[in-house]
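Next up, some structures in structure tokens.
What follows is chain A paired twice: with chain B in the first complex and chain C in the second.
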Partner chain A sequence: MRDVAIAGYAASVSTEPYAGNEIELVMPVVADAVAASGLARDEIGITVAASSDFLVGQAFAFVRGLDAVGAYPVIDDSHLDMDGAWALYEAWVRLQVGDVDSALVYAIGKTSAGRLHELMPLSYDPYYVAPLSPDPRALAALQARCLIDAGVASERDFADVAARVHGADALELLRAPYVASPLRAHDCPPVTDGAAAVVLVAGDAARRAPGRAVWIRGIDHRVEPHALGARDLTRAPSVERAAHEAGAGDVSIAELHTQYAHEEIVLRRALGLDDHVAINPSGGPLRANPVMATGLIRIGEAAANIAAARADRAVAHAGAGACLQQNLVCVLEGA
Partner chain B sequence: MPSPCAIVGIGQTEHARCRKLSIAELAREAAERALSDAELTWADIDAVVLGKTPDVFDGVMFPELYLADAIGAVGKPLMRISTAGSVGGHTAIQAAQLVRARIHRRVLAVAYTKESEGDINWAVQGGGIPFVSPFVAGPGGYFCLHIRDYIRRADAPGHIGVQVAYKDRRNALRNPHAHVRIEGITREQVAESPMLWDPVRYLETCPSSDGACAMVLTDERGAAASPRRPAWVLATAVRTEPATAPGRDHANPLAGIECAKAIYAQAGIADPRREVDVAEMYVPFSWHEPMWLENMLVADTNGGGWRMVDSGATELGGDFPVNPSGGVLSANPTGATGMIRFAEAAMQVRGQAGEHQVDGARVALGHAQGGAASYVAAWLVGSQRR
Partner chain C sequence: MSDPVERFVFPMRLHYDVAAGYALSRHLRSLAEGRFVGQRCARCARVYMPPLGACSVCAVPTTDDVPLPDTGTVETFCIVNIPVRGQGIELPFACADVKLDGADTTFLALIQECAVGDVRLGMRVEAVWASAAERSPSLASVRYFRPVAR
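This part shows the complex of A and B:
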């Protein structure tokens, strides 16, 4: 495998609705990530974007993203309707092919434009589940309930996660009403507008980049069956497999795509993380969840910690689908 | 060095206005046929790449999650590409990159849209450009303006569009997968069909179809084990340009020109008109054939394209057959349409195209466009490795 490094990262998130459009949101983020990489925009080999037409409420919404990345006069470009972490994976694959040496990855997540809990059911089985329009928090609650029923975790454990994230007292949090039993509001992510961009560089170009190099040591992703009834929701075998393939382990920081407090417990077990590993020092998705960018931000934040020498080795996780149906694991290491 | 990459399995559904099956069944039908063609099982596949036009077209958000089981992706890496009408091409190329990068040995690429679940002419409206009111004319109303620009610049005679459509409609009669098959079609029928978006008539227009396409891509060892002749991927490229940049040439987009230059350079082709034997091109409206022949540098700019059409060169039996399958005019499940072009090109060099086979085809061009003809994907495939 070719050595690939994260040479630039920038993100912008806000739990207040962003007044501008998606392009205005992502443009400064792209500019900052490119500036941090030490490369000029026109030196970057390819771009890979991530966004969701449904979040924007318009087909081909991603076409306008081109205005934010300087696509003039013409670029080598791709787009996924997946979290930006998968866009980073596509860029990493291209760097492994070896015909380009650098890539710009960006993700747009302006979730305040619609009602997420009404939109997300459109991503469930269109014949048997979507017509019932289950609130995504209700499906997450099923997984949390499974953990309790299996004796894996308690509501107190969920509250402990939320207390750490929100800087609150766990016993106090347990007095809050349920949103979807056994989940409370503080166990669920806030509506967030945001964007993120990462610049990847390969080989010698990576060694010339400014600052401490952050290398991608392994990256893999796996998907599980769609029907919740076909899965053991107390486990995340796709995370276990991806972690194995990516060579996860022996890390001091983990940035996890935990949209709900109990998912941290599932992911800790699947990734084999002990109490010495700092989980989501960034605050994580419970503090800021710009859907489509949240997973890419995990990778960026883990890289930022290594670049700042707060860690030598970290794992980042991105998830998609109800109850963590699809998962990506990325292992990062400092030079 | 990247790994060589070959196509060893190809499958398509019967494309139609409305297939009475679920979205999962539609995608799976193509995938099963590709596996069957390759004589492989689901267990042989290492990773799956799914492609589809915007989710709004048939109302399923992130369909890869729902389709994970149906397309055999459970336990495996699954990606979902989304780049407008060119997406089928981008998807095939992404599958090829996974093989070339030596990350996976056998990759399944699947692309589909079940257009009957929605209304594409409504879904493409958008209207997101500030101070510009929505066009509300569908893709035909948008592209006819560029076609008229081409006719003016190239001084093209009016019958060229009819001639392309008449050819594609006859070719479709040789393709069992085609959606629009009009037995006994005549030139007069095309020429007398209703004018929709001047100069584009009803029978010069693509349909809206339910359909899927799938391919199995593999490395050198996989190709050696293939029961049927593989098609080798000789070159791939994608290029994108901003749809609304001032000064953009809509009739001859730079993205296409740059994409063409890239694939010919990779495959060592100096004269595509002579060195490429057959092309499957993205021609949703008849006039796009001469325009894209020029755009992809097969014909000279501002007239070479329509002269090729007029001379009969692009007929099945001509010296540069274009769309022997009947093309986009004969089936247009938008998510799969680009991949069908890529797959039909591979079928030609595998000698697998049945009644629409171009005799002795050794090098074929697969071409797809999307958005405002602002996304372009293309590959060259060959019967021999280079």
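This part shows the complex of A and C:
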């Protein structure tokens, strides 16, 4: 294995609709991440982008995204219709292949253009689930309900998570109406426009980068069965497996892709995090959820905490699909 | 066994609020005023028309506005013989990539007021604008391009 470090990270998020286009949104973020890495742009070995044309409603929007990185003369480029955390995984694999020494990963999530409750069902099982067009909040509520029925957690536990995130009083939050019982608005993520970029460097190049090196010590992703009915929604075996493979444990900070408050309870159990671990010091997806970039931001925020010496070892989690269907775990460590 | 279900209908409808963005908004506003305004990259000096808000080569924002004339050159073209629903242009017509004088990039334009057989690479053309009353923040504010009168 080659040592790979996160040498630069930048993100921009807003819960107000962004008036510019995707390029205008992501370009300054890419520039900031590259500048932080100490690399010149033409030194970067490969770019891997994450975005969804469905999200912005424009065919080939992802090609225009290349304007943000400067694609002439020709660059080595890849694109995923997945969260940027998986783009980072692809870049990490490419660095393991060893023909390049650095990678730029960026993700664009202009969520305000479309309607997530219309869009997300298109990513579900096309025969059994998608034609029913379930609101993503309704599917999340199914998982929350399972936790309550199994005696794993209560609505008060969900409110405690939301209270910490929003700086509110849990009992006060419990008086709010349901949006999809047992979930309330504060248990659900806000519509967010945002972008994030991470620069990865490998081997000796990483050791020459400015600032405290943040090493990727383990990274793994796993998937649950496709059918919701085939899963025990009170658990996340794919997270447990990914955490085991990535060597998660003994961390002081965890950045988790908790789009819904109850998911923190599922993930905390799957990752074996005790009360000493600070969960989502960034505020997490309940405060800012630029779909496609949210998972990459978890890795970036965890890395930023290590770079600033607020932690020596951290775990980042990214999720995708209904009820934490697909999960990525990344373990980061300071030099 | 009963007959297999060979198809089922899955109605879907997606709604969007698409933002033109800062650069395209500037472009559309200038078209409504009956003039072309490109943008120059501060690093490589390429002039983008239409402006994209970014230099695709340098990956930096373009912020310098560059007023451009109505005249340009046909860089490439094709003759369209296939009707497009809702378009209403008499067939056949010439569709050209036009580079305005002083610009480094091209855009798609309709060529009129000349026989399609007379369109040539390098032909000098000029924009024909819609009247001030008809113009709006829309690409339709440019009706078409025609050969520059000698």
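Keep in mind that, in the parts below, the second predicted complex is superposed on the first by the 335 of 335 C-alpha atoms of A that agree within 3 Å, B and C clash if a C-alpha of one lies under 4 Å from a C-alpha of the other, contacts with A are read in each partner's own complex, and residues count from 1 in each chain.
By our rule, contacts are C-beta pairs under 8 Å (C-beta built on N, C-alpha and C of every residue); 3 or more make two chains touch, one makes a residue touch a chain.
For clarity, every value in this text was computed on a predicted model and none was experimentally measured.
Undergrad: So, does A:71 touch the first partner chain B, the second partner chain C, both, or neither?
TA: both
Undergrad: Applying the touch criterion given at the start, work out whether A:89 contacts chain B, chain C, both or neither, answering first, second, both or neither.
TA: After superposing on A, A:89 lies in contact with chain B but is clear of chain C.
Undergrad: Is A:58 in contact with chain B, with chain C, with both, or with neither (first, second, both, neither)?
TA: In the superposition, A:58 touches chain B and chain C alike.
Undergrad: Looking at A:133, would you say it contacts chain B, chain C, both, or neither? Reply first, second, both or neither.
TA: Only chain C is touched by A:133; chain B is not.
Undergrad: Could you say whether A:20 touches chain B, chain C, both of them, or neither, answering first, second, both or neither?
TA: The answer is second: A:20 touches chain C but not chain B.
Undergrad: Report the partner of chain A that touches more of its residues: chain B or chain C.
TA: If we count touched residues of chain A for both partners, the winner is B.
Undergrad: According to the stated criteria, A:222 is in contact with first (chain B), second (chain C), both, or neither; which is it?
TA: A:222: touches chain B, not chain C.
Undergrad: Check the residue A:119 against both partner chains and state whether it touches chain B (first), chain C (second), both, or neither.
TA: Touch status of A:119: both partners.
Undergrad: For A:241, is the partner it touches chain B (first), chain C (second), both, or none of the two (neither)?
TA: Only chain B; A:241 stays clear of chain C.
Undergrad: So in the superposed three-chain picture, is A:41 touching just chain B, just chain C, both, or none of them (first/second/both/neither)?
TA: In the superposed model, A:41 contacts chain C only, not chain B.
Undergrad: If I apply the document's touch criterion, which positions on chain A are contacted by chain B in one structure and by chain C in the other?
TA: Residues 54, 58, 66-67, 71-72, 119, 122, 126, 130, which sit in both footprints.
Undergrad: Which of the residues in chain C end up touching chain A in this complex?
TA: My answer: residues 8, 10, 12-24, 52-61.
Undergrad: Enumerate the contact residues on chain A facing chain B in the complex.
TA: 52-54, 58-64, 66-67, 71-82, 86, 89-90, 93-94, 96-99, 119-120, 122-127, 130, 220-227, 230, 237-238, 241, 320-322, 325-326
Undergrad: Across the complex, what residues on chain B touch chain A?
TA: Touching chain A from chain B are residues 1-2, 22-23, 53-57, 59-69, 73-84, 90, 94, 97-98, 100-103, 123-128, 237-243, 245, 254-255, 258, 371-372, 374-375.
Undergrad: Residue numbers of chain A touching chain C in their complex, please.
TA: On the chain A side, the touching residues are 17-21, 23-24, 27-28, 30-31, 41, 54, 56-58, 66-72, 110, 112-115, 118-119, 122, 126, 130-131, 133.
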